[in-house]
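Okay, got some structures for you below.
Two complexes follow with chain A in common, the first pairing it with chain B and the second with chain C.
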Partner chain A sequence: MNAHPDGGRSGNALGAGDIPQMNWDQTGPEMKMVRDALFRHVGKPVRRKEDHRLLTGKGRFTDDFLLEGQTYAAIVRSEHPHARIISISADAALAAPGVLEVLTGADMVQDGIGPLAHNPLPSTKFDMKLCAPGGGIPFVGEHHALAIDKVRHVGEAVAVVVAETPGQAADAAELVEVEYEALPHVVDSAQAAAQGAPVIWDEVPGNVFVESSFGDWDATERAFATAAHTVEADFHVSRVTAVTIEPRAAVAQYDPETGRYELFAGSGGAVKHKGELARCFGIDANRIRVHSYDVGGNFGARNRVYPEFALVMWAARRTGRPVKFTATRSEAFLTDYQGRDLRTKVALALDADGKFLAMRADNLSNVGAFCVSLSPLSKGAGLITGSYDIPVAALRARAVFTNTMCTQAYRSSGRPEVTYAIERLVELAARKLGVDPLELRRKNLVHPEQMPYRNAVGQYYDSGEYEQNMDRALELFDWDGFAARKDEASQRGKLLGRGFANYVESSIGSPKERAEIEVFDDGRIEVVIGTQPSGQGHETSFAQVVADMLQVPVERVFIIIGDTDVVSVGGGSHSGRSMRHAGTVMAMASAELLALARGHAAEMLETAADELAYADGVFHQRGTNRSVSLQDLAARLADPLRVVTDNEMHTPVFPNGAAICEVEIDPNTFHVAITRYVSVDDVGRCINPMIVHGQTHGGIAQGVGQAMWELCAIDHDSGQPIAGSFMDYGMPRTDNMPFFISEIAEVISPTNPLGVKAGGEGGTTPALATVTLAVLDALAGMGVEDIAMPLTPQAVWQAVQDAANTQAKK
Partner chain B sequence: MQEVTLRVNGEDYTRKVEGRTLLAQFLRDQLRLTGTHIGCDTTQCGACTVLMDGRAVKSCTILAAAADGAEVQTIEGVAEGERLNFVQQAFHEHHALQCGFCTPGMVMAATDIIRRHEGVLDEMTVRRELEGNLCRCTGYHNIIKAVLAAAEVYRRSKAPAQATAN
Partner chain C sequence: MYQTTYHKGQSLDQVRKLHAELPEPSYISGGFTLIPAMKNRLAAPENLIDLRALPELRGITRDGDRLRIGAASCHAEVAGSPEVAQSIPALALLADSIGDMQVRHMGTIGGSVANNDPAADYPAAVLALGATIITDQREIAAHDFFTGMYATDLAEGEIILRIDFPVPRSAGYAKLRNPASKYAIAASFVARGSDGSVRVAVTGAGEDGVFRWFDAEQALADRFETASVEALQPDPGMMLSDLHGSAEYRAALVKVMTARAVDAQGSVDIC
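Showing the complex of A and B:
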């Protein structure tokens, strides 16, 4: 890799002074009390409030809603990766039974509906800032709900058919005739970035629309020039998709009298979607009400608005009837926002003792046909050096358009990619130097005394005890017992391998959150909050937090989410932000509520506020038997006992940990079985360990899934996606997953009053690396040095053949 | 259109259906029993699993017309009033659900497995037999634990009085 042409530097220029060193106890007596009270429910595996409805079939998922007079939409999709639309004929479809409307991109333009307002550039103070090549704001491409003049990926929506029944809509969609003029296409990021590639957007002749550099290029250059050792590698972290088991869906209605749209669509944040859809329709946000209740999985894919959300709203207005769209699984495979697809060239310079001196990285993100999100590229950019103390680094981060479905943040956006790169690179370095890879890691880890630690690209790691995570993981794994297990396996003719990885990740996310807390006269406490769970159990863990702070039973606290007429502000759930942001604002709101209640209680008891002690939901006047509870106050006050608290918090946190995978390979069938998996995760303060472990398990499965089976395969010649169903997209299943050994480490973060980091993505982040390294370890005796994901039997067989051929040639 | 009569969760329903209507669609759209979920179109996710004449079936694989006369149990018919049954309770205790979308199918499939094996189950058997039900959230860890725990409850409840008496 060559130095960046201008040798320049861009991106973050934050000084240590920008990192607030908070002393939360100084934020007022109520906050101190709230923090002191924190530990009654918090930290306990309280069973979930949401389970009962979900276990009895009473969940409210999007497709469960049936609106009066509901009709159904089916989408006509492009079969070309890249083509100009010559004409669309809807006559036959319109004449088909039950059809009410057929709409195209031209109609959409006529009705003044604009592109989806994705806002793809990460923009909080601590995000790695990305710019266009040569500087400036990148051109991101207009993502219209229906293609207007040309299609840029297979599956892009071209027309929408509305009919009385889903069957009639699907039948009629087949009758819509679209004439295309096929254009040359490109699906691979490296090919798209190369000279002479087909151009996807006329505005970006070379397809590369983001190019930023970070770190200290000159210092890195110098370090590499004089280093005793250097290693380099070139990886492609493959494209996968979220596969939420609930396919995406949306149903909308329009009220011509009030001019209001009502949309039911499960997502990662109804408030955000409301705002973005208002921009798309060019209307005031209060003309849209979005409902998002039970959501059958998100993992990032549902954080962004889908074209069909706008289409059902628009079609509902046009037809005067509610319109529903529910994706089939094939449509989900084709057009759910996908994940990863990063090419990364990395290099590491070491001194003679194995101390890391410098790192280079050249990252290229495949965003697909439109830029929906640059989060993966940006997140990964900040963490290229992983858990290691690498004094200087030089990074070039680029993003490129291709004729593929758009990518978006997918579980642990951007972090598994760079963790995979650094951990594999460290392993290569250990091999080159002939040292124990674990010792090499230990020698270079960031140590607790260095916290907060500024890494070579300018991110500040808040806290963590990385070596302790390592030790604990090794112990839980029984690392020392491996040799005996390997012997035993080899007696059965099997190859055993183990793969270790450290990881650190960042949780930044949308900075604003609001909490409203109201106490009712029946003792019920309602908390309105703008995060959006999809299985993370917020109704339970958030209730635990508020119950602790207000010192009331958790059964009395109810979390209200998902209706934008009730929830007015909220950043949604992404980037592991929910507990930290919601927890903080709920702590502040609890403190405010107690302060307000104390004033009222003092008035009511005719005493001074500081004469009151508060415990178990009751204010007592000291030295008397006079008292009043929150519930009494709510019953006796004329006005509601209610507070609304806003908070804005930019400081990121850095969850971290270590994980180890053991695999057993059958040398006859090349089948790989996961036999052991250990994960140690520092999530900061853990509110509900049962929920956090559950998040870890699911996270591991998603990471292992990508390493082992999952792949959004695309045929380069035809541009056709070839994984369109569960028959051709390998999934983690009960019979290919082991039990996991997970442990939570709680190094309290100084950046927020609860000390929360984040749980939920740590299972995924190191897993691509651990599984791959385990397979390479098992195959080391056969001379295999590299293998690309997914590690299917065929891939393993191929790697073994290639290694044998290489050795034969030597 | 064809008329069918099904006994669902103990009640008889007679409805007209199109020839192509799947049992899963019939339950959801015509009977409004939306606890039965649809997660795929190739009979591979198991979200739609119900018990038909006592056996677990993927209701997206069966035409409503072909189910005429059958007795069907869906997730809505499992609890006794507000009280979760032993499988549901085990799922709750063991945190075997996150988003809950796969859950109805998991509970119905697990019920069938537990009954067929009379509650005598080990990890590998559960893993093998539940392989047709996909979950994206849990990594299956807690689902397997819950099914094993429910099987144990079932086995005890069926054990001869003598065996439990001492």
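Showing the complex of A and C:
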């Protein structure tokens, strides 16, 4: 990795002058007013408006939709990781009771349905741009809803059976006979990228389809060559799956008269799905209406279109009946888009005093059989230097195809991976230099005076007080009380360990968002927005924002999402974008609405607009008794009191924080218990602390889950996934989690009117590092220096055995 | 799940007749093993015959030096029974450690023993306590009953009515749970009979399902203390190896769990 690779000289596409807009500059009296009006509701733990509905079973999840005459789809899936399809015989299935249709890839081609239009390359202005080896646009594979000539992962859809009942469909699916010619397979990214590996796509003979380099390679080499100290390490951040509580589902119908498809499918963003499905079907987007209301968990897995969404639409057209698909839990484990799976080789150069001089990274992302998203690779690429001021860095970022399920952005896409790498590397450096790891971190942190700070691969951190996060976390954790706790634990025969990590992450996301705000004559205010909550409480926190800006009670504000016939534009929810993008466009729309309303009010009261004062939803003519409310205006105007506002915002923000984990290990069973967990998270402006804490708690559980139990294990010889149910896939649960101590730090971002960063992913980002470092700390006395996730009792036992064997050999 | 027909059993004669006459029959008790297997299309009985209402399978009684537990008793009933708590507290606590609340209110001791899952809890207790499995046809000693992973001595259509446990001098159980499934990765039940004999039965770890660890029994019969176990070396060659534990790790755990079960006489040690 030392040499500058020939290919992939793309670097970051940013030109030197291309600095993100750091200060939100849209002003005007109304914008000032809406910004000044905040804090009646904003910042308060307003109870979630959606909970009553959800807790009383009134949620509208996909499988709740029953369309008249609905039929059911079952999918025939590949049992091979890699095989050529010789033939498919549907005769027996077609003859089975209740079967209406059996469709294969050949039928799909005949009907002119193209591949899913994933658009995997991150393309907003400040994303790290990725290219093919040698430059150019990478070949990303063609992800057809049904395999055409060959299958490339276990679970790939090969045929779809439509029948009157779910049972009939499942029974008949077993009767579809598929003849395969097995091909050699490869599931591991390093093996797939090595010489002579089985080729997954003829178009990419070496399987590596992305190779880009970033940073300053020459300066990095020079720094390494003369550095007093260097450390390096090789990590694999394991593969996990989202395990949403609601399995993925879709139901579609087709109207032959209008030629319109209607799809009910919970996702991370209905508008985006509509556009991508239109491209897949080669039709105009207005011929598709997508509904996505309540969603039982996303975590990134639902951001991209699933093959079954296209299949139920197509089957509905073919059969003339609505068609529903609901994944079983087994199908979810096998074929939900998965997360992580990054190999990273990192090195750090330090001077004699422990100042960081340079960093090198070589990142290899396992995208699976088709490239659904390069967000994890790209996001991570921008943050390899973490929270530290490292003057120069050099990074090679590659992505490789394998015979595995596709990976996708998974909660905090790409960032836990690189946080894990840098924090473990810093810890190794501290050990090598014999210095306190916390002091080493402090010495190298980015300081508030450096903000906005350009890191060595070209990302601009907007704001943050990193050392303060550290101090606060250490205090909440009672870092200094650790020695006493360790003593106490050792008296009980237990090993105590602690792991600290700083983190910084980026929140970018789809740049466009639209808000429509309308005031009705009954006083109700509707806000149509294109984000898509899956538990984050948008109906509450967005309503808080608009209620403050328009100075009305939060109970009057209703957030409308999820029907693409109502919501025309919207980027969905991913990458921590929702509150920032929605908050910004809602602020703009609120300002516009007030400007519009002021004009009408002036007309109605026959006065000049600037004679009017606005407070508590009412325009009041100064020095008089005359006034008119927004509600009155709505009632009296001939036209709706409504604005539609668009915004495009590229500037990213950088949520950040510090977290600490304490574990207790039983040295006989090697069972690890998490006994203490502290997290301090700078989310920028916090709209609803109750919701943000909830997000932090869930985020921690999800990160800890990966570190401790979760793994999409695959048998390398057979290519078969071997953790296909909760029997084998371990999850965080109430009985294996401690109470969390979380604190919100609010360093207001200058990049948007509310000052929002993001609050959904910070819990996850440092957790892989904190847990692993805590376990390593507990095992330090046994000579264990490295351990791979998940840190199951077996893994800990094995690490201890290996260390003992190594020591015995010495 | 494949199409199936449910029959609620009314009497022993009726269920035996149904089982003999209907195609592809299967008894069902709590259904917490059978139904998941059916949902995953791994089992396809055409007729399910529910045993839970049969009076012969119900009730928990103490009868002299025997504790009799009806096969249809769910884990929560065993865990909550004063008779069990007074006679063999470790057995009540073992039942209380099975799965989760839902499992404990549906799964039954008869179903668990008939199924003989290699990681199930009851088989260890049944074997270590030297219990007798009473069926509608005969009485089977525990050491003849468990014949390998998911295998028992039950004949086709034979029904477990109850399990009779001799009340021991003391017993203890220790288990390390699999973090995913919460079944045992390795668990050991150590019982001292009223005659001073010691039995050690291990579940979760054996390649062939539940087994007696004779070396430990002997060592403990000589001196009933944890040190007796610590000197031993279980054979990794007879252990299970999977995602959650290699044979070597399980062998190490068998020792640890057995020592803990010795320590935990009159109770359990679950982690």
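Just so it is clear, the second predicted complex is superposed on the first by the 789 of 810 C-alpha atoms of A that agree within 3 Å, B and C clash if a C-alpha of one lies under 4 Å from a C-alpha of the other, contacts with A are read in each partner's own complex, and residues count from 1 in each chain.
Just so we're on the same page, a residue touches a chain if its C-beta (ideal position, glycine included) is under 8 Å from a C-beta of that chain, and two chains touch if they have at least 3 such contacts.
Since this is a predicted model, take the numbers as computed values, not measurements.
S.K.: So, A:797: does it touch chain B (first), chain C (second), both, or neither?
M.R.: second
S.K.: Which partner does A:110 reach: the first (chain B), the second (chain C), both, or neither?
M.R.: Touch status of A:110: no partner.
S.K.: Using the superposition described at the top, determine whether chain B or chain C touches more residues of chain A.
M.R.: Chain A has more residues touched by B than by the other partner.
S.K.: Under the stated touch criterion, which partner chain does A:167 make contact with: chain B (first), chain C (second), both, or neither?
M.R.: both
S.K.: With both complexes superposed on chain A, which partner does A:491 reach: first (chain B), second (chain C), both or neither?
M.R.: neither
S.K.: Pick one for A:666: touches chain B only (first), chain C only (second), both, or neither.
M.R.: So A:666 only meets chain C here.
S.K.: Quick one: is A:625 in contact with chain B, with chain C, with both, or with neither? Answer first, second, both or neither.
M.R.: neither
S.K.: Under the stated touch criterion, which partner chain does A:330 make contact with: chain B (first), chain C (second), both, or neither?
M.R.: both
S.K.: Please indicate which partner A:731 is in contact with in the superposed arrangement: first for chain B, second for chain C, both, or neither.
M.R.: Both: A:731 reaches chain B and chain C.
S.K.: What part of chain A is shared between its chain B contacts and its chain C contacts?
M.R.: Overlap of chain B and chain C footprints on chain A: residues 167, 328, 330, 726-727, 731.
S.K.: Could you please specify the touching residues of chain B with respect to chain A in the complex?
M.R.: Residues 18, 20, 28-29, 32-42, 44-45, 47, 74-76, 78-79, 82, 84, 88, 91-93, 95, 97-104, 107, 123, 126-128, 130-131, 133-144 of chain B touch chain A in their complex.
S.K.: Applying the document's contact rule, which stretches of chain C touch chain A when the two form their complex?
M.R.: Within the complex, chain C touches chain A at residues 1-3, 39-41, 176, 178-181, 183, 185, 243-246, 248-249, 252-253, 256, 271.
S.K.: Would you tell me which residues of chain A are touching chain C in their complex?
M.R.: That would be residues 167, 170-171, 174, 328, 330, 666, 668-669, 671, 708-709, 713, 722-723, 726-731, 736, 792-794, 797-798, 801 of chain A.
S.K.: Which residues of chain A touch chain B once you look at their complex with the stated criterion?
M.R.: Where chain A meets chain B, its residues are 45, 47-48, 50-52, 54-59, 61, 63-64, 66, 167, 242-247, 294-297, 299, 328-330, 534-537, 690-691, 693-695, 697-702, 725-727, 731-735, 737, 739-740, 763.
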